[in-house]
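My questions all concern the structure below.
Chain naming follows the written order as A, B, C and D, and within any one chain the residues start at number 1.
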Amino acid sequence: MTVSEAMSHPAVSVSTGTPLRQVAREMAEYGVGSVLVTEGGTLRGIVTDRDLALGALAGGLDANDAVDSVMTSPVVTVSVTDDIHTAYRTFRGSGFRRLPVLDGHRVVGVLTVDDMLIDVFQRLADLLGPVAWSVLEESPGPPSAETR
Amino acid sequence: MTVSEAMSHPAVSVSTGTPLRQVAREMAEYGVGSVLVTEGGTLRGIVTDRDLALGALAGGLDANDAVDSVMTSPVVTVSVTDDIHTAYRTFRGSGFRRLPVLDGHRVVGVLTVDDMLIDVFQRLADLLGPVAWSVLEESPGPPSAETR
Amino acid sequence: MTVSEAMSHPAVSVSTGTPLRQVAREMAEYGVGSVLVTEGGTLRGIVTDRDLALGALAGGLDANDAVDSVMTSPVVTVSVTDDIHTAYRTFRGSGFRRLPVLDGHRVVGVLTVDDMLIDVFQRLADLLGPVAWSVLEESPGPPSAETR
Amino acid sequence: MTVSEAMSHPAVSVSTGTPLRQVAREMAEYGVGSVLVTEGGTLRGIVTDRDLALGALAGGLDANDAVDSVMTSPVVTVSVTDDIHTAYRTFRGSGFRRLPVLDGHRVVGVLTVDDMLIDVFQRLADLLGPVAWSVLEESPGPPSAETR
């Protein structure tokens, strides 16, 4: 099983130099918690909603300042063709919760801890068999918000 | 088992009217992803790092604006004496990832999805027995960041 | 949440003195992996399919010998009113995979590691929200056999 | 990650024609719940402790009868070089709890549901990071028995 089968988040990218205001708007529009920062198609960094909040507000930046000032760089990544176990090890080794997924040099998505928890859940379901389904008759409720 | 045994996050609170800049600084200082908003000791709302990022930057607010404008209110809560299963149902029913924990009317902590995942992990460990520990000989790596 | 909500296996009981052949027939008829041994309504022991296989065949017993010779006694039990966390701790502390459930002195069921794994699965589903269901669209396949 | 990295149970084998008594003794000596049945090095069947108990005692067989009468045949297997996800699918599709592992035609081990649960546990630990270890300070108790 490869990374491409587990990732469920699109790669939302902005160019280096993009104002923080625009980065926040992309996060809101696409419902994502991180945005990748590229330069001429090459990945330069990653910025999360928390980076924006703390960098811009606590750090005294302005909404017109460039994303470069708060992004994390260089970025730990995984390849779209990596075995999913490589991704587990990378999450474990890095402590990050979101990893950009590369196809060669091109960014094709973001792999999150939530994607991996779904993989854990699926494995457990495989082992428990049909009884697992029978106990889940109750409606699961509203979608889980990404960040609260 | 009660909520008090599972919660691991302190209750970081600010008063209504606190500027967004100050809220962001509290999040940075205490390493938390949400801050509770109180008025005269009574819980009025909750604000996450994402609320700050999107509200202030995408929404055009200023770092001096009051937290009231971006907080979620009213707030879904759990009681410190609730059975942990009540908390599971509340997470499921609400879709939120952080729930303030009340002792009467006083806020005593925040219960997060990560706290609950640790509870799931502990249960699985109880069932697997000593073999679970023997496979975990490898160093677990750096701490998991709260939001990336 | 109490033990009574998690247990899914009936209490199949035989009297002390019951021949091993009859015990095996009860296991086959009710599709269970263990049978409780009682004397005048009081729990005296528990016997598993493995106890039968090893005791009778490897140990040189006869199918007409009494169950008393292979049962485990005394038995670690849980109460039907115990919190489910007491059961987790009992599984962890004892290393057993099946625990008779008592209502006072009366045996009302058997709690198994599989019951507890279903509880773990349900908790994880509560935390993952609706996305958990969406990934389980595939048919789960045939029932999991108890012992192979 | 391949099947070879997850399997922890040795392949205990007997020849077709082996008496049930001897099969039970092998299970006791090696602490396993299933024994493979081979003929000239080729896998012919698998027999569990439950098959022995129910077949020999409930079915009226004698301890001197041959294992062939109670074994399951043909056997669902996995290859030692299969990706672990193939094994998950095979457990799910078959409903069995133990799968012989083949290297070509040679049997090299047995993969159990417990091996797979350990894999699930390890994945969850990878995602939770160091906090997972910190909550497991308590001694894990005695080894989990294979079948009770």
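Just so we're on the same page, a contact is a pair of C-beta atoms (placed from the backbone, for glycine too) under 8 Å apart; a residue touches a chain by one contact, two chains touch by 3 or more.
A quick map from chain label to UniProt name: A, B, C, D = Cyclic nucleotide-binding/CBS domain-containing protein.
None of the values given here were measured: they were computed from a predicted structure.
When the contact pairs of A-D are matched by residue number across B-D, B-C or C-D, over half of them reappear in B-C. Each of A-C and A-B has its own count of C-beta contacts, and the greater count is at A-B. Ranked by how far their CA centres sit from the centre of chain B, the chains are topped by D. Averaging C-alpha coordinates per chain places the centre of chain A 20 Å away from that of chain B. Our note on geometry: chain A versus chain C, Cα centroid distance of 43 Å, whole angstroms.
Among all residues of chain D, those that touch two or more other chains are 92, 95, 113, 117, 120, 124-125, 127, 129, 140-144.
Residues 1, 83-85, 88-89, 91-92, 95, 113, 116-117, 119-120, 123-127, 129 of chain A are the ones touching chain D in the complex. Of all residues in chain D, those touching chain B in their complex are 114, 117-118, 120-122, 124-125, 127-133, 135-136, 140-144. On the chain C side of its complex with chain D, the touching residues are 20-21, 23-25, 27-28, 33-34, 46, 48-54, 56-58, 60, 63, 72, 92-98, 113, 117, 140-148.
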